[in-house]
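Let me give you the structure first, and then I'll get to my questions.
In order of appearance the chains are A, B and C, and numbering begins at 1 in each one.
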Amino acid sequence: MTETEPVVTVSNLIKQFGRFAALRGVTAEFFGGKLYAILGDNGAGKTTLLRTLAGLNQPSSGEVTILGSSKFHDICQQVGYMAHPSLLYDEMSGMENLDYFARLYGITSSTRGAEVIRAVILSVGLDPDLVRPVGQYSQGMRQRMSLARALLNDPKILLLDEPFSNVDTHSATEMVRLLARTRDQGKTIFIVTHQASLLEHAADEFVWMESGKIVGRTRELKRPASSGETAR
Amino acid sequence: MKKAFPILGVLTAILLIYALYMALVWAPTERTMGNVQRIFYYHVPSAWTAFILFFVNFVASVVYLIKRRPAADIVALVSAEVGVVFCTVVLVTGPIWARPVWGIWWTWDMRLTSTLVLWLIYVSYLFLRRFSSSGQTPALAAALAVLGALCVPFVYFSIWFFRTQHPQPVMGGGGSIDPRMLHVLLINWLAFSCFAFLVCWSRYRLEKLQRDVDHAHASASLLDPRGSGR
Amino acid sequence: MSAPTGITRATLLKDLRLEWRSKDAINSMLFFSLLVVVVFSFSFDPSAEESRQIAGGLIWVAFLFAAVVALNQTWARELRNQVLDAYRVSPAPANSLFIAKTLGNFIFVTVLEALMTPLFIVFYRLRALGPAWQLLLVAVLGTWALVVNGTFFAAMSLRTRSREIMLPLLLFPISIPALLAMVQSTTAILNGEGARFWIVLLVTYDLVFTTVCLLLFETVLNAE
């Protein structure tokens, strides 16, 4: 992926829920091999933007182009998504969960699936042989397993919505370290978070959102002048 | 377009009055049931009108599923609402007719029973429209409408066979019908259809206006988020 | 075409495993089925000859109640932790999910029916005067009719307020022709009469509605 072509292009994206406009015309380009932190207050539209990128939302108007395609279905194999709920089945173990989700991406036992799954679980710092159901994990472990699920298909683009929420510091730092390594391998990562300080050194760019628009993009963790507030 | 509405309104009113006269005065009195039978001229055309409206609902829903045009969704909504009203007329005139003639309030007559099931299906459609949140309603409702419409032949077939196995009093139109009665029937049907069309048109305009207002609010909130509310 | 069927099978097995692990759900469903049969027995006196004549109808109404409770449950699992999003984001086709859910529901409801049927036979002293294998055929066709529409409407009601009431509200009217067929054919077979018309109706109903549900499911799944 060359540095000059954007991997994600958003063009005047508008998303309305009835009378409420969650996204009021977002236009931006995002490039490969970078880690973007999307910040802003509640209601700024961060989650809506991420869900639209993940194909879970249809835009009211505007265009989204990911990896050269405007139809999410064509590139869904290359995208990984993670949110604050774990997107895992509480009654199954980590391996069982990932074994199932791997199938959805065409990774089966015949394609060395088990190895891939074990490797991905190890990479997030968890034990693949843990038979405990995911529902009994701590929040930190659960989020790490959820991240493992998002990484299963070796996606080129990772969309993470509040991955560090209620997560202990150790797990959070581990995740950030892993994400930075993933970014170094050339993947593009979008992280929506309220805990910007965690990404202070890992993020390549901070994208600030307010009231459904991008109000600034900075290289450092400092809120753009227009909003008149300093970073938390 | 706007001028046509009052003209059509007047024409429909005249037609309805004429049809009423035909039904209550001009039509011959039925031999066995007497004047009570005249309700037949409301009972049957209402059923036919409801049927047409539900068919319109089916077509509009299919169009919406393929083309996603908002106008198709409004037509589907409107035709279902007015169709349910006409269906209700059938279900109310049925017992009014049955009681003096057969001494019972309800008969599992084929038309009445089928209309009841149709009524249930389209009322459930209206419930779905009310209970789903605004963004998804058109698509979900259209899917339900298609399933409901496909159910209709099954409803008629099953009740027809059931009735031949368990015969019930038949409400009108059993054998051959006096040509004068048929004439009155058709006139009433024409009047009802015009009336239905007018009501649908009116409701369509109302709904379109409501959606335009919502759209304007939404556009306003695009410019100024503080002024918007959910 | 092996990938979609593989996904269907994996989803079905996953659902069965989850159902087995949350034994609470199964146990409560089984007990509920038993309760339904007992309540019916108190409401429609089994010793009366008339009750035996309407047993065909009673048993199907009992099945319907059990099915509705079961159907509401199986999609609820996908909402916990928003797991459904994980499926939607993946390349897996919507229809594989629908078929897997429908098959899972079919198995689940059949288990409930297998519990309720012997109880009904015993309580109402039922005896089939017609060929008993036809009863099995009617049971399969009828259950499929309820389950295929039920799974579809359960998915639809996920996107509505008052989710639990929406499912029966949508399912019952459209199921009426199929219900009539199930009841009439069961009664006919029990009395040794022919049920061919009703069975043909059920087969046609099943074919038509399975096809249309498959065509429309993706729309319902992605409505947001």
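The rule is short, and it goes like this: a contact is a pair of C-beta atoms (placed from the backbone, for glycine too) under 8 Å apart; a residue touches a chain by one contact, two chains touch by 3 or more.
As the structure is a prediction and not an experimental result, all values here were calculated from the model.
Distance from each chain's C-alpha mean to the overall C-alpha mean is smallest for C. Compared with subunit A, the chain whose C-alpha mean position is the greatest distance off is B. The chain pair A-B and the chain pair A-C differ in C-beta contact count, and the higher one is A-C.
Work out the mean CA point of subunit B and of subunit C, and you get 31 Å between them.
For the pair subunit A and subunit B, the distance between C-alpha centroids works out to 50 Å.
Subunit A and subunit C have Cα centroids separated by 38 Å. In subunit B, the residues touching two or more other chains are 133, 135. Each of residues 224 in subunit C touches at least two other chains. By the touch criterion stated above, subunit A contacts subunit C in their complex at residues 54-58, 73, 76-77, 79, 81, 83, 85-92, 96, 100-101, 103-106, 108, 133, 149, 153.
Contact residues on subunit B toward subunit A in their complex (touch as defined above): 133-135, 214, 217-218, 221-223, 225-226, 228-230. Those residues of subunit C lying in contact with subunit A across their complex are 3, 6-7, 10-11, 14, 17-18, 21-22, 77, 80-83, 85-92, 222, 224.
Chain contact summary for the complex, subunit A toward subunit B: residues 14, 16-21, 24-25, 211-212. Of all the residues in subunit B, the ones that touch subunit C in their complex are 65, 117, 120-121, 123-124, 127-128, 131-133, 135-136, 139-140, 142-144, 146-148, 150-151, 154-155, 157-159, 161-162, 165.
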